[in-house]
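Chain naming follows the written order as A, B and C, and within any one chain the residues start at number 1.
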């Protein structure tokens, strides 16, 4: 009566070149397509404490630039408030920026794609000033 | 041995009249009831980059008023920091407020309702000064 | 052909002693182990409007201290902006801090454990100055 549900796991690695937003919507959609996943629930989890996940506008690049500028002002590098400073002036701000955004995202999938709005893209937000290889765990359950 | 799991999709449209919090807990519960969904996992995704989802207090309306007032002060309209200004003074703040809150929510469902606490309601947070028709994708998996 | 999927529910109660981060990763993993859940999707929902969920560093305790110090400065207790003051100077800040962080988390599970990174732990963030018994709903779907 009901179609059989199945689940699958994957991990994407996103190479960053320092602070900013890195879109990986196409990487997510490629994995769904390769596995012929049509309809279900997609979960993303970033496996780091100084990078986060964001769904945001993928049209005007100034939006990403302004997001980054706002967060740099809101959480200043080298703030005298911080005691956790051994890993650099940008480390504690990176933890706070991660707390202020999201580590996991849950996205319904239909017709093989996340049901994002017209202007929405999936981003990895690197909060450290240096580049890193960031791992994002993927899980799909559905048909 | 185990009950058969099934999944279903829906979309709610929430008409806003400008900035503020719009509760739609009853719209979510109606959909669960119409489909006789008893126990499972409910996922909500807002399909916009200038509105977000929030679970917050549904008792004293001053809580919503204070949330809105705090976010207006935290992310000032027309801030000279912003370059993305073509769509109005409130547009870039709306993107930032969305980044600071949530685009997706995951809610366990038991006895036909999300297992919210006594004072929790589900809200759409409109971050633009003008009203919009906001679409929220729903996904249920369970029994 | 596919392994049968099942789901299960649980609730953890976390006793807090006032503001700060309380790790409960081991409580989550114990529940997974007791039920022999191996691979699937774990969802957590905090059932309160003045406490939230966080995945953050579980190594240097200064990280948690700095997170708490930053949020206290960002959302000042007794701010003259607030009207919702009947429940104390820390109450409206607690609602705002909850809005700025997360009420639900979605964590893929493999080999019986959430696929967290090396430094990630699961925390309940108490935002009130007094201690409370905080309830976190758990849902698992998988094998």
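The definition used in the following text is that contacts are C-beta pairs under 8 Å (C-beta built on N, C-alpha and C of every residue); 3 or more make two chains touch, one makes a residue touch a chain.
As the structure is a computational prediction, the values presented were derived from the model and not from experiment.
Asks: Angle of the rotation mapping chain A onto its copy chain B, from a C-alpha fit, rounded to a multiple of 5 degrees, please.
Replies: Rounded to 5 degrees, the superposing rotation is 120 degrees.
Asks: Copies chain A, chain C: same or different interface, half of numbers shared as the threshold?
Replies: different
Asks: Between chain A and chain C, what distance separates the C-alpha centroids? Give it in angstrom.
Replies: About 19 Å, centre to centre.
Asks: Can you pull out the residues of chain C that are in contact with at least two other chains?
Replies: In chain C, 5, 41, 74, 100, 102, 105-106, 141 touch at least two other chains.
Asks: Using the touch definition up top, name the residues of chain B that touch chain A in the complex.
Replies: 4-7, 9, 41, 43, 45, 47-49, 74-75, 79, 81-84, 86, 92, 95-96, 98-100, 102-106, 135, 137-139, 141
Asks: Would you tell me which residues of chain B are touching chain C in their complex?
Replies: 1-2, 5, 39-41, 54-57, 60, 62-63, 65-67, 69-70, 73-74, 100-102, 105-108, 110, 115-117, 119-120, 141-143
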